[in-house]
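Below: one structure in structure tokens.
Order of writing sets the chain letters: A, B, C and D. Residues in each chain are counted from 1.
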């Protein structure tokens, strides 16, 4: 059995030296200005240990990684009624495609493409003011990570609000099919803000622990969700967590994972670890280039793929 | 830890009594005449034990389940060059969709939709006569199952040949993009025949063992494929093995699996078991209705989902 | 040569008696409350004569018929640069489809589907305040019809504003590709208002005269557009004027035409007449059911099809 | 009124001198070897006169232009039942797209895309041997052109048979929906052969006369089809005759027309002339580049657009 600490340290070292780093997202200045040289990794193990390396304490914009947590919240709020408004099949399409929505009457294919995540946000929002809903999401992240310093980067949220025409198109399109209940601007406001949550790899790995441990916090033993629900969220992450690169991630890494355009990836090794990596350069599918490579190395060396022993 | 034998026996009993059985495929008479009352299950465990119940010894048409084995053969033959002719992303489309092929220049999205499996068959065929290629596939199945009585149902193959216009369209379409190397009729002939292989649940569970055990036959210890390749085939099965019902299968069952229109499903619990179920009634996505339900019950009771501990 | 007056009178009579009247649009209350019994027709001939019958003086919501006039205005304003932002091919899609926009990078297929008309409105708006642009459009209609009583139905505009989520999706989608220059809300405000212009058949037939007479007002001889531009607008009306029912309209009626969801159709018999019909019941493609039938009868009896002598 | 002879002579002269000639089709050697320098034009006027210039007597492969004549034959054989198997809406898609077929259950959008023309050929074939059906089509062309020397270029037909995988895909796809009645190979054999008919501009202009003159041969007064049917075929030619370049052709030329990949175009000026042009270089939509430009010049100078006086 390899030693996790040395594996993580080696990987951080290898990633630091690679010259292929992908392309940093440029659609808003706040993301464009992040250094492509950054790389961080943090692994929260089964016995409560934390192994981290590189820029593991630098906060980054978690962006779509938040979708795994809003899905968890929405399932907690309305249970399986979530699936009346969003499917759970891989889409075979880029993150912001609108084509599928037309064919399927405004029902997004899954909760991890933008349209689906907006619908999930709308579920969380219902019955609340936007500020309350957003507070609930942020507090959930702080609770899971056991760290109240986690914050929303208002500059990122404002930029997304100003330029998010494609997401506005998706939301209005769903609204035309009555898939959204709340005013489009309210739902999008909450959505843009929860995507703008800033976290470090260490905080993110902490937040994902319940998915690796049958729904429980392994340190306290407290249950966040049922074991079945944790399994099911992992299943959706594996089949849908990387847009039209989901098959590739499953093939190479072999773990449930959720990526964000900020360059972060949360990956879950059930029964073993919650893993966060971050490197801002992206591949053609919009997923962290070095992040995926680091996870592939980690699962191979640790034997953590869900598809082998 | 529940007892596998009693779990399997209970499930077979429960399935026998259910009145919801799905609809038997009717596009060829040979499949249409199969009794919807049939249900079989077989589990080949890690220590070489075999637990089976119901119609576990009745041969059925494995149809698309053969695609998992032809992919294995093609990877053995040309390695990763397979992926030049077929992708490995879920398609978000039904099994016989041609739309995706137009958008992606004749390259099928994955090896488990019909177009992709035809491309894989073409790889196996290259350099051989159809009869030789077909013999190689059949002998591979017999070798894996350790049973030379496995046969091709010629009546099924002949019916598919006579009525398979959609597959003929897919093959000609790929040929127009030079994705197929061999004459369309040769490739389709081999394809229709390997889909017409008849096997029982017991034989199929035996044949799948190498995927559950890091590429090795657990009884003999002989390696069929490398551990990495076994993991990767499992990954493709999980993300793509049930057409546009793949997300649903992952969500409910939590195992890599490959279904066939004859009502069979092969599922792999890595490190634990190779499982075959068969019930000819299908759900709306073309996957065995009771087969999926039986697998969901099995993984829940045994704790075999790859997404939990 | 049949007598136009008796032909028009006969058609109005026949339409009044038909029981198949299509379905009145119900998406906003202002349209839903219009009586399906209404039918009007007006024909403005080459020598300045006007023949009208039925509810020919009752104002109705011209809706998408306004798109023929906004295209004329935009061509007058920026010339062929219009075609940098909108194509001129039939779409093969319903009026509000968003699928085509994704495939073609936000460029609408033609100026008569909703997306294309919104892009055309954006061209007219550029450099102006919404109120000014709207005033320009309204005055253009009044000028063409020689009737200053033509007005915008504010209740209709307000309803469209409140419920037009699909159009808002289209506009935001184009904005994400920089196809729109102005704030989305400004452009949509002008768009919803010019669609809410109310006119009678008599007014509409007057307004269309320049298209039937090589760009000139046949009464005054004054030129509105060049002869070539009039021909080209007619060509776009014939190939694209009825959404995915354009081929059917050309096949049955044989004239350039533009329909609106309010039940009106403007048709142009080049060299002969500008024709307006109105009946609020729609067919499956969203075009006036009796309007199309009346035009088919008119062109057959008068020998006005552009496809025969 | 300009003089037709000098207009035609001028245009032939201008076309000879242009250096932009498009790209000759290269998918079969028989088309690839045609000189891009060729240009021919022939105009069959209302009073039986024929004006021709350039390579007007050189036979070329009429390819898809044959679809206008097979549609005429099929309408003569089964009347409006043709429209049960093929639509009459513009497709918004390239000539050989298969996407639309999947969405519309195997019914081609119109008779002038490849799929639609194959369905039309299948109608003509029903009840006959392929050889008989092909003979009927060829004799129809010879009869219309009053020239028994018109022939099928067997080398072209053989090349198309050998390489026509896309058409074979379309045909098998329709067969899977029972849209074709005959064996796929029979229908395709007739289709490939009628596309391989070779004609000169002079012969083609002669053959198209009935469409320009209300269904009659203007020389003999004999009726080929009814006036209404001639108008309707013209309408389908105008909306669908140039694939996804149909809107552009209507906009620029303003006449019903049908193009072929051999570089020919047949255009109809109702009441005035049947026009054939030929220049083998194609534009991006697969239509003759100089052919379209020559027709645009001809209709402008003669005032023949159907969209103006």
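Couple of notes before you dig in:
Everything that follows uses one rule, which is that a residue touches a chain if its C-beta (ideal position, glycine included) is under 8 Å from a C-beta of that chain, and two chains touch if they have at least 3 such contacts.
Since we're looking at a predicted model, the values are computed, not measured.
Here the CA centre of subunit B is 47 Å from the CA centre of subunit D. If you average the Cα atoms of subunit B and of subunit C, the two centres end up 55 Å apart.
Mean C-alpha positions place subunit C and subunit D at a centre distance of 32 Å.
Taken pairwise by the contact criterion, the protein chains form one closed cycle in which every chain touches exactly two others. In summary, the structure contains touching chain pairs A-B, A-C, B-D, C-D. For subunit A in complex with subunit C, the touching residues are 97-99, 101-103, 165-166, 168-173, 175-176, 184.
Residues 87-93, 100, 109-110, 213-214, 227-228, 230-232, 234-236, 238-240, 244-248, 250-251, 254, 256, 270-271, 300, 305-309 of subunit A are the ones that touch subunit B when the two sit in their complex.
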